[in-house]
Structures are given as structure tokens and as C-alpha cells.
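I've put the structures underneath this note.
What follows is a pair of complexes built around subunit A, which joins subunit B in one and subunit C in the other.
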Partner chain A sequence: MNAKKQTNEVAAYKPHSWQTALEFRAMWAVLALGIVLPFLVSKPLATEIMIYALFALAFNLLLGHTGMISFGHAGYLGVGSYAGAMVVFYGGVGVWVSLLAAMAGGALVAAVVGLLAVKRKGAYFAMISLAIAQMLYFLALSPFKRWTEGEDSLKLPPLSVDFPFHLNLSDQTQLYFFVFVIVALAVLAQWRLLNSPFGHALKGIRENEDRIRACGFNITRIKFLSIIYSGLFSGLAGGLLAIYLGAASVTTLFWMTSGVVVMQTVLGGTHTFMGPFIGTMVFLYLRNNISNYTDRWEMWVGAMFMALILLFPEGIWGTVMQKIGERRRPSAS
Partner chain B sequence: MLLQTNGVCKYFGGLKAVDQVDFSIEQGKLKSIIGPNGAGKTTFFNLVSGLYKPTHGQVTFQGKDVSHASMNERSQLGITKTYQITSIFPRLSVFENVRLSAQSRVSMFNSWRKAYSYSAMNNRTMEILEHVGLADQQGRTASELSHGEKRYLEIGIALATEPTILLLDEPTAGMSPAETVEATHLIRKLSNELKLTIILIEHDISVVMGISDEVMVLHEGKKLAEDTPEKISANETVQNVYLGKGAEPCSR
Partner chain C sequence: MELSWEIILMQVIMGLALGAIYVLLASGLSIIFGLLDVLNFAHGTFYMLGAYATFVAISLCGNFWVGIIAAVVIVSLIGALFEMTLLKRLYGTDQIYPLLMCFGLSIFLPDIIKMIFGLVGKVVDYPSLLQGATFVDNLILPKYRIFLVVLMAVVLLALYLFMKKTSIGMIIRAATRDRLMVNCLGINVSRVWTVGFMLGVGLAALAGAVAAPMVQTIPNMGDEMTIEAFVVVVIGGLGSLGGAALGGLILGQVVSFVSLLAPDWSNVSIFLTMALILVLRPRGLFGEEGRD
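== the complex of A and B ==
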């Protein structure tokens, strides 16, 4: 109560920017779209969009919000995927435990990358994370073949959930809504994270690392924790991917996965919250449709990616927000 | 003595950027460091702020040796610096620029609570914005501010860390003469009202004379003089350095 009184004495402050308000609405709009998405596009595509969108948001925690570029996110997704699948395959545990294991797996790899690379900047950080992810790929491919089944993928039995109510995850619709709810919760958790003191400190690092250090922030620890969070959410996406694919596969760990998530994120807009989500939707929708017509879909997707980036230099959602900002400026006091 | 340096040196290879400087400042005083370009002012300043570690010598703060403490450790102890080249968070609002800095004293790792829900921090931010005259600009994006306003914001960010000692590196750099007068008054006002200890770096001697309690003159990394502003203005060696009479032949 005392605190409230104090607030009234000092001049009113309105800390929330219009960008935050707009992003907040965009987040709910996209999540609402998620409810009807499986009826607009095929259910497997809708599921894939949700999983990779979560992955892209987790990736953007580092790229867009902390300002660190990682070329090794396949490592977090892949290890999450394997961790989730292995505890089911060898431990016979349920889906929820599998998802927890996936998050732990992603976070563990992130902790290793963090310990080795947190003090490196820019391309050096990117290269170390890429190297670790590639090491994991080759480890999964052959030395650990006994446990990962190598190129054959670790195949899972049909899964179902009994808590809080029964869901048959072999059914495409039930699987989609299972994935959707978890992704939605993870998106809300990330929103909360980014609007917390920790999240604001991340933005400070992105905006001006020297200055925020001079303000007394411990940059190394904050970055380390940010890598862990990114690994945690990427691991969760990996766990969902294993459930969706019914298998954990080495291609998840391949460097292409790390590359695609960069494209999806940049396509949507790195300096925004929902950009990576929107970028993933557009990217996977295009890829899916184009690959119906041609085997050379990579070429066409690449061309379209370039065209879209020329049209939307800040990413699709980023450029839309920028245009809104320009329109607001003359009227803003 | 709140802060002291004993024979502090900083060498960059063969260059003695700062050479055997003894310096001290008492609580609540405003002390300026002046000198021509290249005199070692900024290097000395960074030895105090923690960006550089001294090659030889010691920096003592509140009786503790902080020579090897990093910049963020020193900031947490209460030594905060501003930058000669404006260093703000360009894409964040004016309010958030200062609030984020204030947050460094409260919470770094809380990942759940809303950042704007700490009312004490918000109030403190508004107080500081009023001190530096930016309260009515709080909602603007920092990059949109004028140069002078950015310099004030810079000071605001430093104030938000609740410094015991504030290091200002050429706070009036790039300001018009009128803005400079206004800024120097603000600095004196901050020092009086907030009982702040301030170390001010300047190359323009006229800026510091009216507001400083004491002035130290650096020249080629060495301390040339240290005295009250009146005595410094009357000091012949200082005049020679500044006006280039005798002491420094141009064609060296």
C-alpha cells in the first residue's frame, strides 16, 4: 500500500511503449490463429509450424534479444529430441517426463556451450556453437550408434497422454492441439521472461554491452543464463519434434537445421517478439507448397527468401512495425 | 579520502599514457582533471573506472584496494562513469534507459516478475529524469533526442546506479556554448543537491573553473599541478602548457 502512495506523488510514468502493446496483441492474435490453423492448412504442417516457431523464438532469445548469433541451435533441438525419445525408448516413461528430459537435454548442451563460449563475441561465438553442434551430430551418427540407432533414427512406439485427460497422440488433430497448447504456454513464458528484469537486462546487452556493464550488470552471467533459457526452450521444441515425428533423427542435429532457423527468424524480424513465429509460418508454408510442384524447392525458397528480405529489410513483422512507427511519429508529441 | 590513487601508471607498450599520478578526492567534492588533448586524462579516468588496470600503483576506494576490480564490480561499489562519446541504449525509451540502470542495484536475474512492477525503482527513475530535466521526454526513444539531451540522459543513466562517486568524461563535449553553460550549472547542482562526489574531465579549462572545488592538471601523462581553480589559473606552468609558450615548442 505504501508503495502505491509513493507512485502517486511522483509525476506519472508510462513505461510501456506502443511496440510492447502491439506485440502483446500480435502474440494473442497469432495464438488465436493457432486454434484454426489445422483447419486452414494440413494438420502435419500446422504441427510442424508450431514446433519450429517455438524453436525460432528460442533461437531469437539469443539473436534478437541478447544480440548473440548462434549457428549451433541444431545441437539444442537435436539433443532435446534425443533426450526426449531415449527416456521413452529405454526408460519407458510417459510423454510429460519425456518433455522434461528434452528441456534438460537442451539446457545441458547450452550449459556446455555457455561455459566454453560465453565470453566470445559475434562470429567466434557463432563458430564455437556450430562446432559443438556438428560434434554432436557426428557423435549421434556413429560412436553412439548403439543408443541413437544412427541414420535409422530412434523410432518411438505410438504415444498417448493420460493426464490431465486422455489424448491419443497418433491422432493428428489431438496431436496438434497437444503441441499447440504446450507451444502457447512456452510462448507466454517467453513473453514473461522478456518483460522481466532479466529480459530487460538482455535488451540492454543487445543495445549497448559496454554501457550495461558500466551500470554494474554482470554480463557474463546474464548471457550464460540467456543461453541456458534458449537451450531449454529449444530442447522443448526438440522433445515435441520427436513426438510429432515418432522418432529422433540425426538430421535434426545437422547444421542445416541451425541454418533454417536463422532464415525463419530473419524472415520474420529479429528485433521483435513475434517475428520469428510469423517468419516460421511463412517459411514453412512456402516450402510446403513449393515442394508440391518441384523437387528443386530449395532454389525457389531461397529466391523467395531473398525477395522477401529485399521487400522487408527488417523482416516481415519487423518492417510492418517500423512502418507503423513512422506513421505514428509525426503525431507523437 | 574517499578515493585515492598512489603512483598509478598505465603503459601501452612504450607509451607512458599515465605516469606516477597521485590523486585524491574527499567525499562531496567536485574535482576536475584538465589537460590538453593526449594528456592522459581519459586513460587516468579509466584507471579509476576499472576499464583499465594499472601497470603500477594502486587505486583505493573507501580504504579498499580496488586496483584489480573490474568495471562492473566497481560500479556495484559505487564508482560510476559516463562516456565522452555518448553511450546510451538507443532503441529503448528515455525512461527505460534510466530504469534499466537503476535495475542494476535491484535485480539482474529475476525472470518472472514484471520489470515495471517495482514502484521504488520507477519512482527513482522519475526523480532522476526530473533532476536532469528529461521528465517530459520519458516516452521518447532515446535515439530521437537532441545531442544535448543525450548528454543529460548519459548523466541520468550514471545517476541511476546510485553512485558514491560519479566520473564524468567531458560531459559537455559537442555542446554549443549556451548548452555548455547550462550543463555546467547542472553538474554543480547535482553535486550540491545530491551530495555527490564528482570527478570531471575536461579539455576546456573555462568549463571547470567556475564549478570545481579543485583542479588537477595533467600533461603528457604526468601531474603538472593540483590546486584550487584560482591558483591554477594563475599558475605559470599551466598557462604555458595551455597557451604553448616556451614549454612546448611546436616544431618538435
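== the complex of A and C ==
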């Protein structure tokens, strides 16, 4: 066991200040790309990319930054989606309240997962989070059908925003920029979070949990909070998804949603900040194009994913950063 | 609904049969995790392969029993191939990479099966010997379900004897405890891992093979089973065979009775049971203290 732990430490990605600087520039570059994205690809695809990118970043808060493997993020996204849609459908409230409800819904599920599983590591956390998400899927599918409409999905009326200025969310362009601004703010918030003392404590837990505990940190509390933050941002993504789809759908809660966000995140690079965002863009762009040519999307994505794990486990952006690091090293030392 | 004791007994037998499938599946998962530290996300996929291999073997040779044995052998070999070519390269890295490799396989393989066999389910008939039911007084005892329970008992006993009495079983137990030490003793641990993975996958295939006549054999039949096997091992304690057995039997009863009393909740009940166990006994029924 000990020898294995040591190899883990050697293999782990060690952040340096130049990496933070590079990530910071990459974040602004990607957000700038976001402004022109709806003119490069179709507007629905661009909107979808933004929402799922936020979801992937929130997911990576746990996987990449705290080092916990969650396979239950469909639960946060889906419950966020339903919470956001239900307050509109049954409560008749506005879009902003709906998004707050979505965040609360995501955080609530995260709190349940946290209470049950925060002390479990690795495989156990993966299994328990997956099981809870799947339970929520079945709950929404049949026992709670009266409220969720089950497989028919809960459909929303056309929505608009009046504050701070009027936006018609049925219009694809206005919807995109509404989503984009919220996602951009959430990305900046996550950047702040990860570069705060709390964020450094998360990275410390990932690198060496025992040492952080010896430093006097309350590991359980920090992990629990990181699960809550992850649920909060995932819930927000779920709320945006409900607005974008005009419905809260039970497939959002299905385990495949958790699987897809894992693939998007690993594709971009888990040990980076912007990796999940970049991974989501590439993943959704590819899916959109490959499914034009073949029905065998799952076969291709499964094969490509296995190849990725073998050849580039650090993902696209992680590998780029590694290569830059290798080029820097001779001059730096 | 009037709950006579005949209905209750019937439900217990149904639950035992379902539990038997869970036990076979989860003990394989548990062996793989204990030995290789790999959470086999493709466990349900191998279960599905087992069912399809049975279908193919039976349509070729016509005999149910030959079909089941052929299915287990074929799927074990596929598992060994996967372990030796892809999974083995990832040992010693972060625990997540082998897990993700298995996950990739669980996306990849069902689509291949879809391509070969189509979306429509395949039917595997009950063996003629085990069709219908026997009657004791006015009790209906479906033969196939009884067979499943007996099979599970036999397999568990064989597994127990294999682990305790044979030298390879001893090596597997030792490698589960301390792989480095076993390696130092001059044993090729790499080969032991392959054997352990084959054993675990073989159990999943056996579960799929014997489940095939009862359920619809479709390409995605394994996805749910992966998650349910996870629930069983969380309940029983990961890495413990006794835990997998008890967890599987409990879950079988829970599903069987909830589907009778509140069908809407049958899928949910599995996970509620798990949540309850986690609250009452976080390490699982037979889980070792401190093993995550």
C-alpha cells in the first residue's frame, strides 16, 4: 500500500505559479471565445456547451481539486433542474428565483450525499454517490410522478427576464447571452474559490490528506463544504438547463449524465482549472458532428475514452500544460 | 391485499432467486476490488456478455448446460484479454484511471452488442428439466428459482473452498492483503491479478447466463446491474465475500417484497436500504474497519 501511495505522489500534478498565470489567461481567452461562440456554431449547441461546461467545472471541484470520485453528479444537476422548474411551474415565480431554487436543490442533494459518504474514499464514494443519484432518478420516474410528470418531463411556459433589463428567453440569441453571463460569473466565482485559502486546502487534501490533517485542518468539514459547493454550481447548471430545454427532464437524472460529465472532464484534464470547460466544448462539438455520420456514437466515444485514459490521462489541456512545463524546465532550473 | 403465508413464502423464494443473482454478481465485484483495487464499472457489462454468450452458445449447440459453461469460459477469456491488454497498464497510477477504463468499456461494449444483435431482446428458453413448478401441498415452487438458489449455494461453497484450501486461493488471499510481500516471495503477482479478474468476471458472466431465461436479454441489461452490484457491496462491505452474500440476499428479499406491496417503490427501495445501512453501520455489514 505504501509503495503505491508514493507513486501516486510522484505522478501527481504539482501546480506552480506560472501554471496559475497560464490558467488565468486561458480562462479569459475561453470566456472571450464564449462571446463569439454562437456565431461559430449553432446557438442551441453554444448554449448547451456553456451549461455543461459549468456543470463540468462544478464536477471537477470534487474530482480534480479535492480528489473525490463522484459518479452521482446527475443527482445535483437533475434535482437543480427540477427545483428550478417546479418553483416556476407550481409557484409561478420568476427566472432569478428559479435559479436560486435550483442552486438550493443541488446543494441539498449534495448535503445528503455528504452526510452519508463524506468520510468514504475513492471507490466507496463513487458507488454511494452513484446509488443516491440513481435513487433520485427512480423517485422522479414513478413514486413522485404526480409532481415531476415522470417520463413526460415537466414543461415550462415561455420565460422572460425583466430585471435588470428585459430579455426574451425564447429568443435563441438572448437566451445564449443570458446563460453565458451567468456561466461566466460562476466561472469567476469558482476561480476565486479555488485560489482562496479554502481552495488551497482542497488541493492539499488531494495531494496528501494525512499531512493536511496534521496541519490542523478539519478534513471532513472541508470535504463536506467542497461537496456542497459542487452541488451548488451543479444545481445552477441544472436550473439553466431547465430554462434552455424549457422543461425538467428525467433523463437529466439518469446515471449516463454523470458518466458524460466524467468523460468531458477527463477529456479536458482533471488537474487543471479550465480543462473541464475545454473538454466539454470538444466533447459536445464532436458529438454533434459524429452523430451526423454514424449511429454508433457510444461505441466511438467509449473507444476514444479508453484510448485517452491510456495515452493522455491528463486530458487535452492538462497535456498542453505538461508540454509547456517540460519546455520551461531547462531554463527554470 | 390478503397476505396468506403461501404468498409470503412464494415471495421469499422469488427474493432468494433474485438474491442469488445479486450474490454471484457482487462476489465477483468484491474479489476484483479486493485483489486489484479496481472498481469494475464494467461488471454489469460482463453480466450482459454472459447472457448473450449463453444465447449464442445455446443456439449453436442446443444444450442449456453446455451454453452456460461456454458463456462463462468465453466471457472470462474476454475479461482476461481486457485485463492484460488495457487494465494492467494502469496499475500503480491513481485509483481513478482503472475505474475510468472499465467505465469506457461499459460504454463501448453494449454498443458493439447492439451492432451485432440489434436492439431487440433475445430469448433464452428455460432448460426442459427446469420448466414449470413442483407442488408441495398447495405451494407452488418454480423449479428454476429453486435451481438458482441451489446453484448460488454450490458456487459460494466452491468459492470458499477454493479460497481456503487451494494454493492459488491462498495466494489470492495473500495478494489481497499485501501484494508487495507476495511479490517478494517470488510469486508472479501480475498473473495472480489476471486470474482474480477472470474469476470475478466469470462470476458476473455466470450471473448473466443464469439470469438470461428470466429477464430480457438486451444490450443495456447490465447497466442497472452494475449499480445494483455496487449497492450490494456497499451494504455487505467491499472486499468481503460473506458481505456480498448477505447483502445480496437481503436486497433480493427487499426487492421481492416491495414489488409486491408497493410496486412503484421497488427500484427506490434498493437504494433506501443502502442509505439505511450506511447510517446504521457505515462500513457495511462485514466491512473491515478502516478499509476504504
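Annotations for the structure displayed:
Here is the rule we go by: the second predicted complex is superposed on the first by the 307 of 333 C-alpha atoms of A that agree within 3 Å, B and C clash if a C-alpha of one lies under 4 Å from a C-alpha of the other, contacts with A are read in each partner's own complex, and residues count from 1 in each chain.
By definition in this document, contacts are C-beta pairs under 8 Å (C-beta built on N, C-alpha and C of every residue); 3 or more make two chains touch, one makes a residue touch a chain.
Here the structure is a predicted model, which is why all the values come from computation and not from measurement.
In the superposition on chain A, contact is made by A:R192 with subunit B only, not with subunit C. In the superposition on chain A, A:R328 makes contact with neither subunit B nor subunit C. Shared-chain residue A:K203: touches subunit B; no touch with subunit C. Of the two partner chains, subunit B is the only one touched by A:G216; subunit C is not. In the superposition on chain A, no contact is made by A:K155 with either subunit B or subunit C.
Contacts of A:R25 after superposition on the shared chain: neither subunit B nor subunit C is touched.
Taken together, the two complexes place residues 3-4, 7, 11 of subunit A in contact with subunit B and also with subunit C. Subunit A meets subunit C in the complex at residues 1, 3-4, 7-8, 11-12, 63, 69, 116-117, 119-124, 126-128, 130-132, 134-135, 138-139, 141-143, 255, 259, 262, 266, 296, 298-299, 301-303, 305-306, 309-310, 313. Residues of subunit C touching subunit A in their complex: 33, 37, 39, 86, 89-90, 92-97, 99-101, 103-112, 115, 178, 180, 223, 227, 230-231, 233-234, 238, 264-265, 267-268, 270-272, 274-275, 278-279, 282, 292.
Residues 3-4, 6-7, 9-11, 13-17, 192-193, 195-201, 203-204, 207-208, 210-219, 221-222, 225, 229, 271 of subunit A are the ones that touch subunit B when the two sit in their complex.
Looking at the complex, you find that subunit B touches subunit A at residues 49, 71-72, 75-76, 80-81, 83, 87-93, 95-96, 99-101, 103-116, 118-120, 122-123, 125-127, 130, 135, 138-139, 157, 160-161.
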